[in-house]
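What follows is a set of structures to go through.
After this come two complexes, each holding chain A, first together with chain B and then together with chain C.
Let's look at the complex of A and B:
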């Protein structure tokens, strides 16, 4: 039953994304060029990766708004280390933010489990704590001037094409990472026992408790998972921008939540899928890109984004109301 | 039930103990400057801004919802009033009324979505937050609108009998909200709805209407905060005070409002606003970073939660 509704959301969203693409193509044919699409995918890989983490937390019935701070702390520590010690190996650098993300996620999970206070409160507190301490210690300094391999890595492409003007473009490594993570998340949620437990906890926490699930272990998994992805996304963000500004990511919590919720994740837990979230991110990304391509004034972007979220939420609420009425009758 | 109430008394006691400790500690560290007339006045000037915004957050949270659009609404009200005053040549009261009625139009939309369309409050207010901020951006083109008449600046910077005007406004808002929540039928319904919506509905309460009024009230208070804000800064912009958003939620919870709804009292929230502002002012006097203050806010909240957990032992 649940899956059927989730399936509906994705089909519906995919249809909307396709329709949107057609409209944008008609308005500006540049939209459907491989060059533009690759750019959009690359530029949204940060958003795409963390949104998958948020999805897993939302499915479990929790929520995490501290991931922006986690991503910032993780990338900042990495930045300090690689610039101070001139670490030349991208792989070594890549290994720094991940454990930091996992550790901070574990801290969230511990507090959520022990205090039994709503996770939104715990993670708001931790957002303040992580970010506040980072700013105090770093004094808000920007980090740039990464070792050369980092610049080369950011340009790495899995598929390279040459445009008419002779400029290289292609599928960025970060887009591939994003899609691989989406796939991995799908496998975890669908085929691994822990994934089924995440859905079970979000669907009915009391039933999960009575079925003898170790609730703490599930919570530890979901908050560490978003921590891990936040750390990874922090790395990607630093690579894409080739610098680290402590204030670049914090404040974007709601963008990510919006993408996950648009993609069918429920704030009440138990529902949502990686495919839906990828579509949600694409939807938001296409609209932003489309608005630029049709040269809509930048001031209108948020008005349109906001309207779309409200509209999507209204439609899904309307659908649910109908569903409830139908169930009430039978 | 009485056990639960007793526990909540204990929680208020913990909060008051934390405040006292912080005031004494920061008082000693600043060599008494924190409690000097000058810094008390500066607290009284600064506290109302976060204070009124937090008041806007209390009622939605009591119903088990949340209003993410409070800051966006405050800014929109400020921007519209500012345009009225500077470009359209409205008189000050008319401009204020113009700003307030403009945001109340959006309040109707917000209320309808949450109350009758059944959109979860967190999503409806998230979407409207982005939308409303967008409207402010369109109106201002991202610029700051500055330079208001003196009679308007009095609202944010004047004093009455030595008491800062913003504080007077905060006091009036807080007291009215307190009466509304404790002495009226609407207040009772808010608490009932927050603790058990189904039972409340079966008791013959029009839940949707209560929710509508809740979010309408929230927008109104946000609008008032917006007017105080632009008067205090002598400028209006689309994105002032965005860091206050999560802080309003934090202040409510620190003050004992249960995010699941149904429990929490306004005096507790006022105490927690005082805590947040005293920490900020104290740190400022000590020359410490405001980021350290925000880290400490988080730690205080976690500390209070942990202590309550130890006292309660039961689910919070």
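Let's look at the complex of A and C:
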């Protein structure tokens, strides 16, 4: 039943994304060039990765808004280490932000579980604690001038094409990472016992409790998962920008929540799928890209992004209604 | 033993009287948009320098987030405490009007910086740049680049060279003022330059600027000849997009940028020209002006701020022109911040 509702959202959203693409293509044929699409996918890989983490937390009936601070702390520590010691190995650099993300996620899970305060409150507080401490320690200093291998890695492509002008373009490594994580998230949610438990907890926490699930272990999993993905996304963000600025990511919580909710995740838990979230990110990405491509004035950008967030919230409420009706019947 | 006690009592009395009767130095508080970021740390250096040289108790402080409310609160507290002068870099100049009025009723000197348009409730606004020049120079820089590329003759009003401007947001007064000035200047002086699309609010983020410029390149192709970033991250993001497309030689990137950040991009040619002012100068100038007013010196045209030159006075705006221009990486690095 859950899958059928989620399935419907995805089909519906896929239709909207296709329709949007056709409209944008008619307004500016350059929209559907491989070069443009590859650019859009690469530029949105940060958003795409953290949105998948948010999805898992939302399904469990929780919410995490501290992931922007987690990503920032993780990338900042990495930046300090690689520039101070001129770490030449991208692989080593890549291993730094992930444990940091997991540790901060575990801290969130611990507080959510022990205090029983709503996770919105816990994670907003922790957003300020993590971010505030980082600002105190770093004094907001920017980090740039990464080692050369780190700069080259940002240009790495899995599939390379050459434009008429002789410039390389292609499928970025970060896009591939994003899609691999979407696939892994799908496998975890669908086939691993922990995935089923996450749905169960979000669907009806009382039932999950009575069924004898270890609630803390599930919460630990979901908050560590978004922590891990936030750490990874922090790495991707630093790579994409070749610069680490403590205030660059914080403040983008709504974008990510909007993408997840548009993709069918419910703020009340129990619903949502990785495919839906990928489509939600694509929808937002295409709109942003399309606004410039169709030469819309910047004054409209804000209005349209605002409307999309309202649309996402409305969809979520509508889904909630459906859910209640379904529960009423059974 | 008894004598020792008397000695200490006398010593204590001496210390007490000398503190009580020494002339108290002026207390001048500089409240910035957000404390602890590199820009305002640099400004703090200027404030400290002024404190030392002028013998005043001047210090820099600011809220933890760049929001209007905590800043208003902070100024409110300083007014209650009775400082002699407050110098403010406003997050929202309008929100500060009531507390500025209260301060002036109590005889506290009120000075602002980076806020030449909201001068109702203040004593003076101090600017370290000539805002009109700051708006015009990037346009001249673009034309100069076109000349060097040997493409100047290629463009006519019918076949214009297109440019796009990135601002911090559509509501940042100075960014939008500079953009207006630039647009008008280009229209008058160089009719072969044309703004392709209205200014985009991305220049407070490298990420958004990069994505926007990639989209602009896709949309306008060869028509896009130049990008001006008015916020200090705009040119950096634009440069990354241009480098990604291998168009360093075809697209001109100019604008505001922090010297140490922009130097590597100037070196590769991804950024062609940059400008900024030194926040240290601004910190020094605010404290200096505050001290003069407290001393009862009349502020008038041509008065000298040490190291920054004679001032220009227009209404309540005091300005010195200390725009730092960075045509290449060496110049940028030599600025030291």
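Heads up, the rule we're going with is that the second predicted complex is superposed on the first by the 310 of 330 C-alpha atoms of A that agree within 3 Å, B and C clash if a C-alpha of one lies under 4 Å from a C-alpha of the other, contacts with A are read in each partner's own complex, and residues count from 1 in each chain.
The definition used in the following text is that a contact is a pair of C-beta atoms (placed from the backbone, for glycine too) under 8 Å apart; a residue touches a chain by one contact, two chains touch by 3 or more.
Keep in mind it's a predicted model, so treat the numbers as computed, not measured.
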{"item": "Combined model on chain A where chain B meets chain C, clash or fit", "value": "clash"}
{"item": "Partner chain in contact with A:301 - chain B first, chain C second, else both or neither", "value": "both"}
{"item": "First (chain B), second (chain C), both or neither touched by A:243", "value": "second"}
{"item": "Chain B versus chain C as contact partner of A:216, first or second or both or neither", "value": "neither"}
{"item": "Which superposed partner A:132 touches (first chain B, second chain C, both, neither)", "value": "both"}
{"item": "First, second, both or neither for A:317, with chain B first and chain C second", "value": "first"}
{"item": "Contacts of A:289 with chain B and chain C, given as first, second, both or neither", "value": "second"}
{"item": "First, second, both or neither for A:30, with chain B first and chain C second", "value": "second"}
{"item": "Which superposed partner A:65 touches (first chain B, second chain C, both, neither)", "value": "first"}
{"item": "Chain A residues touched by each partner, larger count belonging to chain B or chain C", "value": "B"}
{"item": "Among 1-9, 73-81 or 181-189 on chain C, the segment whose C-alpha atoms clash with chain B after superposition", "value": "73-81"}
{"item": "Touching both chain C and chain B, counted on chain A across the two superposed complexes", "value": "132, 135-136, 140, 297, 299, 301-302"}
{"item": "Partner chain A, residues of chain B touching it in the complex", "value": "66, 68, 113, 117-120, 122-124, 126-135, 137-138, 141-142, 242, 246, 249-250, 253, 259-260, 289, 291-299, 301-302, 305-306, 309, 315-316"}
{"item": "Residue ranges of chain C touching chain A (in the complex, touch as defined)", "value": "34, 36-38, 41, 64, 170, 197-201, 205-207, 210-212, 214-216, 218-219, 233, 236-237, 240, 244-247, 261, 264"}
{"item": "Touch list for chain A against partner chain B, complex", "value": "65, 111, 114-118, 120-122, 124-129, 131-133, 135-136, 140, 251, 254, 257-258, 261, 267-268, 297, 299-310, 312-314, 317-318, 320-321"}
{"item": "Touching residues (chain side chain A, partner chain C) in the complex", "value": "28, 30, 33, 35-36, 39, 43, 46, 132, 135-136, 139-142, 144-145, 155, 165-167, 237, 240-243, 245, 247-248, 288-289, 292-293, 295, 297-299, 301-302"}
